[in-house]
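Letters A, B and C mark the chains as written, and numbering starts fresh at 1 in each.
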Amino acid sequence: MIQMAGIHSSALIGSNVTLGSNVSVGAGSIIHDNAEIGDNTIIGANVILGEPLAAYYSSPSQYVNPQLKIGPSAVIRSGSVIYAGCEIGENFATGHGAVIRERTMIGHNTRIGTHSDIQGECIIGSYVRIHSNVITSQHVRIHDFVWILPHCVLADCPHPPSEELFPATIEAYAVIAANSVILPGVTVGAESLVGASSVVSRDVVPGAVVVGHPAKQVAWAADLKSRVTGEPMYPWRGHFLRGMPWEAKGFAAWSKERHVE
Amino acid sequence: MIQMAGIHSSALIGSNVTLGSNVSVGAGSIIHDNAEIGDNTIIGANVILGEPLAAYYSSPSQYVNPQLKIGPSAVIRSGSVIYAGCEIGENFATGHGAVIRERTMIGHNTRIGTHSDIQGECIIGSYVRIHSNVITSQHVRIHDFVWILPHCVLADCPHPPSEELFPATIEAYAVIAANSVILPGVTVGAESLVGASSVVSRDVVPGAVVVGHPAKQVAWAADLKSRVTGEPMYPWRGHFLRGMPWEAKGFAAWSKERHVE
Amino acid sequence: MIQMAGIHSSALIGSNVTLGSNVSVGAGSIIHDNAEIGDNTIIGANVILGEPLAAYYSSPSQYVNPQLKIGPSAVIRSGSVIYAGCEIGENFATGHGAVIRERTMIGHNTRIGTHSDIQGECIIGSYVRIHSNVITSQHVRIHDFVWILPHCVLADCPHPPSEELFPATIEAYAVIAANSVILPGVTVGAESLVGASSVVSRDVVPGAVVVGHPAKQVAWAADLKSRVTGEPMYPWRGHFLRGMPWEAKGFAAWSKERHVE
């Protein structure tokens, strides 16, 4: 069997790197200076952690790599690149070839899909699901429990190229379906649903369903029914459990306990 | 010259891996346990074959990697990742960084383009051309001779996130132009053409041309004429030969011989 | 610190490769035969330069790799693949995992973003900015100072699949916003702006703003005003300086000096 546990002999580990207990680092992977990786993290092959920032290229000899922190129990799949200066919570996962640029902050139990490109200084919450090949501008704010499906773009520049940038905000429990573009400065409201291939040019009110180019409200999420059972499909936390903190007991019971605590 | 023939000394080969004659494995590539690779296959650099499934991460010590089978004469380009449990016919090819998830079945003479992401348990026919950066859901069914152009998405979840999934079906000789989204449960009929950036929400009848958001039928493929010669462009098998089994003698003669056999 | 200067011991360098002074080659990178890399170029990890063309696979023993030339002061980020036969000017940069196919010609100070896929034999000017995950067909012509934002596709085949190909042309200073498709044979005129998620089926006149599916002219770029200052945002060279040759003194003064020279 190919060695997957422990530090592969072909991996390269920089200075001042702290690896927790039971961390594995795959063949050909590189961990640059000043990274701190939590216990039980599994790093695949050809991963780069703590990738140096652009400042490195202009003066390599004076450059100090910012700290990268990744919490315990992450799975970083092959070919992913996470820049220095990021701070990521526990139970993180990436697909293959995901790129996360510098100083992005990510909560816990979040997943960034294959070939996605998070352009840096973003703030991403917990239990967020970013699917394959999603591209965000810098400084985007994505709240907890957001789903962004494949091929979406979160843009920040209304008149490119310019230095006037307005990153998007995606509020909790919102869902953005495949191939949609969120235009600069837009807030996608909590528990809303953006249909596939939409172009969202104005704020989406909480709980709305918007579709089209430009996207317009066509329904409320609460009115959407299952094709199978006829039951309401939103709020999705009522029926979707897999990987969520309420997986064992359902949202209602989980939520009630949290408020008691 | 960089060594491209034979097994590069930096490649890693797992247990119970069977390599056919004249197989080459590029630098930094990894072949996990229980893979069977056909004769004359060329594997580029930093390829991963037999990538372990998610079950590995939950209990590494008990995990047994499913068999990956790749037929003879494949060209797997650099950075591609093919999961364990796939079964792929002869003359397969990938672009760079293609990802094919577990238990996908692929016929012969099929190509999966650069950065495409086939999400697993799909059934893909022979002589299929999937271009760059196409994303399919799990369980998609793509028949023989289908073309899917860059940046298309085949979705499966009408109310994400949910466990109610309806993978798409693409029938033989259908063509899906760039940046289109095929919505859950849709069947794109044989010999049809989906225009660029379409959002296909209903079944496409065989031979139809559909465009738009949502896609509507605007013509029959048989009525589309060449800009150059004025001759009909569909069915495309009548004039497109490159890489097809009728390359030497044309579709009509090839088809006739097959029926005689 | 991980070695980033010099040639990493795990890098592979082919025959007849010329490396300028102060070139660094990252871990696991491969430079195939007949490449010429300019001074002060920084090549990240797992990069492939001079990737052999398809002809290699049909007759490896007779194959001669065409020359790849990359000018001085390039930054080629990890996982990028540049094919043999390309010729690229000075101050070139790529994101991670960019793929540039054979015989593409690129001017100076141009950048190709993460996961973009330039399909070969393209002619790309100077100071061009191609963002993440842009896909071009073969033979595309992109003039100087063009911006192409994430997820755009430049198509060349009106009736796929066919051998009748009409690559697109993008003229100087044009800007194509995210997720747009430029259809075959289209010329996007100088200083024009294509809105996000547009499908451009007809030529765009210089200075026009087009949006939609199919894209229609909705304004002139010169009439677009800043959300912040109310000042005109186009031509963008009047206010956007970063990385441009007029960065130090502004476009007007820079242009005047050039004409005097």
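The rule we apply is simple: contacts are C-beta pairs under 8 Å (C-beta built on N, C-alpha and C of every residue); 3 or more make two chains touch, one makes a residue touch a chain.
Everything numeric here is computed off the predicted structure, so don't read it as measured data.
S.K.: Between copies chain B and chain C, are the contact residues mostly the same numbers or mostly different, with half as the line?
M.R.: Mostly different residues: under half of the interface numbers shared.
S.K.: Would you kindly give the rotation angle relating chain A to chain C, two copies of one sequence, based on a CA superposition and rounded to a multiple of 5 degrees?
M.R.: 120
S.K.: Using the average of all C-alpha atoms in each chain as its centre, how far is it in Å between chain B and chain C?
M.R.: 27
S.K.: Residues of chain C touching 2+ other chains?
M.R.: Correct list: 10, 28, 46, 79, 97, 115, 133, 151, 179, 197, 213.
S.K.: Under the touch definition given earlier, write down the residues of chain A that touch chain C in their complex.
M.R.: Chain A reaches chain C through residues 10, 12-15, 28, 30-33, 46, 48, 51-52, 56-57, 60, 79, 81, 97, 99, 115, 117, 119, 133, 135, 151, 153, 155, 158-164, 166, 179, 181, 183, 197, 199, 213.
S.K.: Quick check on the complex: what are the chain C residues that touch chain A?
M.R.: Those residues of chain C that touch chain A are 1-5, 10, 27-28, 42, 45-46, 75, 78-79, 95-97, 114-115, 129, 132-133, 147, 149-151, 175, 177-179, 196-197, 212-213, 224, 226-228, 233-234, 236, 239-240, 242.
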